[in-house]
Amino acid sequence: MKKSIFALLFIVVFAVSATAVYAEAEPYHVGCIFAVTGKASWLGEPERNTAQMVADQINANGGINGHKIVLHIEDTQGENTRAVNAFKKLIKKHNVCAIIGPSRSGTSLAVVPIAEKEQVPLLSCAAAAKITSPPEERRWVFKMGQNDSDAVRKIYDHMTVNKISKVGIITGTTGFGAAGREQLKALSEGYGIEIVADETYSPGATDMTAQLISIRNSGAQAVINWSIVPAQSIVPKNMKQLRIELPLYQSHGFANIKYAEAAGEAAEGSIFPAGRIMAAKSVPADHPQKTVLMDYKAAYESTFNDHVSTFGGHAYDGMHLVANALKKVGNDPAKIRDELEQSRFVGIGGIFEFSPTDHCGLDKTAFEMLTVKDGKFVVLDD
Amino acid sequence: MMQAKRAGHILSLENIRKVFGGVVAVDGLTVSVEKGSVTSVIGPNGAGKTTVFNLITGFLPPSAGRITYSGRVLNRLKPHHIASLGIARTFQGVRLFPQMSVLENVMVGRHLRSKTGIFSSSCLPPVLRQEENRIRQEAIDWLDFVGLKEYAEAVAGNLPFGNQRMLEIARALAIEPHLILLDEPAAGLNSRETIVMGELIEKIRQEQITVILVEHDMELVMDISDRVLVINFGRLIGDGTPETVQDDPDVIAAYLGE
Amino acid sequence: MSHSGLTDIIQFMVMGVQRGAIYAMVAMGFNIIYNATGIINFAQGEFVVLGGLAMVTLTMALNLSLPVAFILTVVAVTVVGILMERLTINPVGQPTVLRLIIITIAVSILLKGAAMCIWGKGSHYMHHFTDAAPIEFLGAIILPQTLWIIGILLCVVIGLVVFFNYTMIGKCIRACAINRDAARLAGINDRKMVMLSFALSAGIGAIAGIIITPIIQMDYARGALLGLKGFGAAVLGGLGNSMGAVVAGLLLGILEAFGAGYISSHYMDAMALLILLVVLFIKPSGIFGSSEAMRLKEF
Amino acid sequence: MQGRDTAGLIALILAVVAIPLVIRNDYYLGVLIFTAFNCLTCIGLCLLMGYAGQISLGHGAFVAIGAYASGILTTTLGWSPWAAMGAGIIIVSVVAAIVGVPTLRLKGHYLAMATLGFASIIHILAVATVDLTGGPSGLLNIPRISIFGHQLNSDMQYFYFSWAVVAIGLYVAFNLINSRVGRGLRALHGSEEAAASLGVNITAHKIQVFILSAVYAAISGSMYAYYVNYIDPGPFGVMHSVLLVTMVAVGGMHNIWGAFTGAVLLSLLPEFLSSATDYLQLMGIAYQPDYDILVYGAILLLIMLFLPEGVFDGLGKAVRAGRRMIRR
């Protein structure tokens, strides 16, 4: 008798729990590959944090049409080989429907051929233009990072207004720095700007005195420092030590408050283009991005007790773009791709308008010119 | 003796000097060795005997003087080059390739008598390399010569000491030298083995190979040598047939009076 | 603002001496261990990194005064050097040189990893020893820290000369370097001398790290390149020759600075390495070494 | 080639044929393809380290030259991948001769530092010569390689291709060490003096082996380029060279199979660690890939201290000891 009661009880419990499980729709698997550790971890860490945070928010609100998001985060360590392995792991082992990342341009370019071959949408968080061009060979690849060329245009616009026509450029020898150097050179002619000195420094550089003296001697009216590595904060410091009092422009790679801190007062007054997230507070209230910026900033900073960064913003945009597409078309990779291609989205990086010929979706309006004032980033008011 | 003289000199040292940071190891040594002879070099420990061997075989450059071998000056040549001219040697205390088989040790000795380069060695399988079989056969012949044929597949380092010594000589003979330098061939051998060694040296001489040996075993030296050179403090203090050297007062003084 | 060519030359000179001083100290560290053991210590650059990072923690986080932090750091890194020798070099019974070299490579990987775990991946900033305001000299700008670097390099060089020539322990280490067997016969504990040489070269590495950190911002990954350039200086000066190392280190730094200033900054880091290769190819005994000494030394 | 090596090679070939029948997942195949590249480089490096007694800290640079020669010649000059690979081999041979001839003439380990400096220079050049190498942005659109007009598009095809090359590499290496040249090299290892006294030209052999081992690296780099279809200076840093030496030393440098084992183990280790992270988490260990470097360092140090002949030899000894125990 007792036994049969137990058996009955067991069946009931099992049946109830089973229906509970089946009532919840199958989850959506989304992949992320970021340089969470390794040399580029300052990119990957905020990206990982943000992606996880967004996924948690969505799941807490009941998921997407009842489907929970299962996030698979892989670490590239900023290395191509690992990126390739991790990318395949996401596709073949975890069967994800879209992938956000990688963090660096190099790792992104390394996985582009696989994304094309395996036909999985890739939303890179890096900036290099080559990631999404030529568009006909990049059907499955989108990118969240603003274009380097637009950052250059922003700087050259500002220089034209301030009647600067001779510049010395000093760029880091990383993918970011090299892409910037290429764009700075390519676009200068159109603006009537002459590059009178072209110097570089390695990510491990310790002293830019020699390069800066060459720039000073070249008769440049301004210096453009283009890099994404910590070594870039040595440039303003050395300039101050050498008493080179030229205006200093920096790239959007400078948009990391730690760099401003490392350079100390030497960075005061330097000008650089950046996504609005870096100066969210000083963005005018009527700007379309204002709400999303303030929300993300508040959420990130309270969750992780750290400064918000542009890079985390890329992951935020990637996650929401994928989530929106999932909501509309479900988890078929091809449909997600088609949906992404016609997305319009107000995000952290700017106002995205994708099209079949433009998988970046941002232009120079995504940037705002910022400056360093009292150790903080503020919008530059001319 | 007379025969050897007619054959002429195979090796001449002229005023050879070797200085190690202020210490004179060899001091103006002048001596010639006749082709086909067996010459023993004796002298107290530290007299410079092994240094002379190292100078002849190019392991050390002489500080001054001239070494000629069959009309060629050896002074600045590298050891492997000197070996290729037909001078073989053994070492004090035996230096085998301990991890290789007995046969392989001797096959290394055939290095100069074969010429497969790195490309054909690596890309052609051994069966297509006739040379490999030839080397193997010749190496076995040399093992047979010293009486070690049955040990061919053993690991060299595991042989008993006496056989190691024989193997080292077989290996040196495998280069088909005209001149062989043996550094203390009988050291550490028991009396029976020493007799075998004496016979082997005699056998080598019959192959028309000139032998120079450094040796402390006087019985062996007196038994096999055509000529004995006595060295002390890097100088030649005695030179002659075993009998004359034995009676030389300087030599006796050097050995006993030290 | 007009700048004459002379000003630039002085400026590059200053920059070169500042870089070169560090190469010189790393090179001396290489030499001390090389002389005592015949091995190239691949972890030499890591001592510099550890010195710099430890100093940052002691001065910036713990607010210790400069001299106290300096001494503590040198002692700490010296202990690391001793531990390295005791735990990894000493226990190896009959080592081949190849094996010892690989062991130092392993230690360098471990030290680098440990530094990363302790101090993170960021670069660490530290105050200059004295006022950071630059001094002007014939139009060129000199940081007071540069003067500190040059001064401390001089002290280290003088200290080493005194140590090796006028103290018993120093003489013992030298004796071991010249002929280990003879030294052992004379009653010198050669194993202990090896340990001392590791201690000494770790200490010198630490000093180099301490004095350069205010200028370059230390991070965990700097060891390899510093070590390599230091080795370049050691080879250039003749491996084992400490005075040669100092001259060669300074020379290398100056060449680098002028190269970067007048030729191209793109290849600045390659310059020192290229010099290393060229010296190895043409005159491996170094610019001050004799080829005879070279033949006697094996490693 | 000796019996045991032949048996090992046949076993390897059978395993290679069988693996894709069991593992059809491209992720695992991809990992094994990268493993094959490392194996190939390590076989070459083992010839140098174990048989010529020299250490090279610049093999990453030879991999880089092989990869860049293939990348540049196929993309900018439109050469066929095979021709580009051949050109890479020739370039690497010449470069290795330039580096090796002066340093290998010297006694001691000057080669180690020369190659380390050389590796850094190659890396700097790859970064700085933007017009040639694409600089840090790298080279895109490197074609896939074809065999008899059939392009290797799937991972399975590339898996077979790359492991076939490894098998050939092993075969060549075994032939070499059991030939006249190889005997000379093994003799060198036993006693340099004795080898020289028998007419073995030490310097010439060391240089030849150094060049051969660089060629292995070049082929591996070239295959990497054709597989990933994109190269930038990232994977070819000095750290990669050090890692290659680690693989050989950990596996056992005096035995080709040792180096092979080391390459396989250490190539799979990061994937293993990343899969194990979750389990380690459950055990209360918060493992991060950042710690990989410590794991590598510790493995290398422990092996060098306690198993200087490497894991492979250690395993062999353990097996033999076990057998002896059973027999008793």
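Letters A, B, C and D mark the chains as written, and numbering starts fresh at 1 in each.
The criterion applied here is as follows: a contact is a pair of C-beta atoms (placed from the backbone, for glycine too) under 8 Å apart; a residue touches a chain by one contact, two chains touch by 3 or more.
Only a predicted model underlies this, so the values are computations on that prediction, with no experimental measurement involved.
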Touching both chain B and chain C (chains): D
Chain located farthest away, centre of chain D as origin (C-alpha): B
Chain pair with more C-beta contacts, C-D versus A-D: C-D
Whole-Å separation of chain centres (CA-atom averages), chain A against chain B: 75
Separation of chain A from chain D, taking each centre as the mean of its C-alpha atoms, in whole Å: 35
Whole-Å gap between the CA centroids of chain C and chain D: 32
Mean-CA-position distance for chain C and chain A (Å): 39
Multi-partner residues of chain B (each touching 2 or more other chains): none
Numbers and ranges of chain A residues touching at least 2 other chains: 41, 173, 200, 202
Contacts with two or more other chains, residues of chain C listed in rising order: 225, 266, 269
Arrangement of touching chains [line / ring / star / complete / other]: other
All touching chain pairs, where touch follows the definition stated at the start: A-C, A-D, B-D, C-D
Residue ranges of chain C touching chain D (in the complex, touch as defined): 40, 88, 91-92, 97-99, 101-103, 105-110, 112-114, 116-117, 224-225, 228, 231-232, 235, 266-267, 269-270, 273-274, 276-277, 280-282, 284, 294-295, 297-299
In the complex, chain D residues that touch chain C: 49, 53-55, 99, 102-103, 106-110, 112-114, 116-118, 120-121, 124-125, 128, 238-239, 242, 245-246, 249, 253, 290-291, 293-294, 296-298, 300-301, 304-305, 308
Footprint of chain A on chain D - complex, ascending: 25-27, 30-31, 34, 124, 127-128, 130, 135-138, 140, 228-232, 234-235, 270-271, 274, 288-290, 292
Chain A - residues contacting chain D, complex: 36-38, 41, 74-75, 77-82, 84-85, 88-89, 91-93, 105-106, 109-110, 112-113, 128, 130, 173-179, 181-182, 200, 202
Chain D to chain B touching residues, read off their complex: 1, 172-173, 175-176, 178-184, 186-187, 189-191, 193-202, 208-209, 212
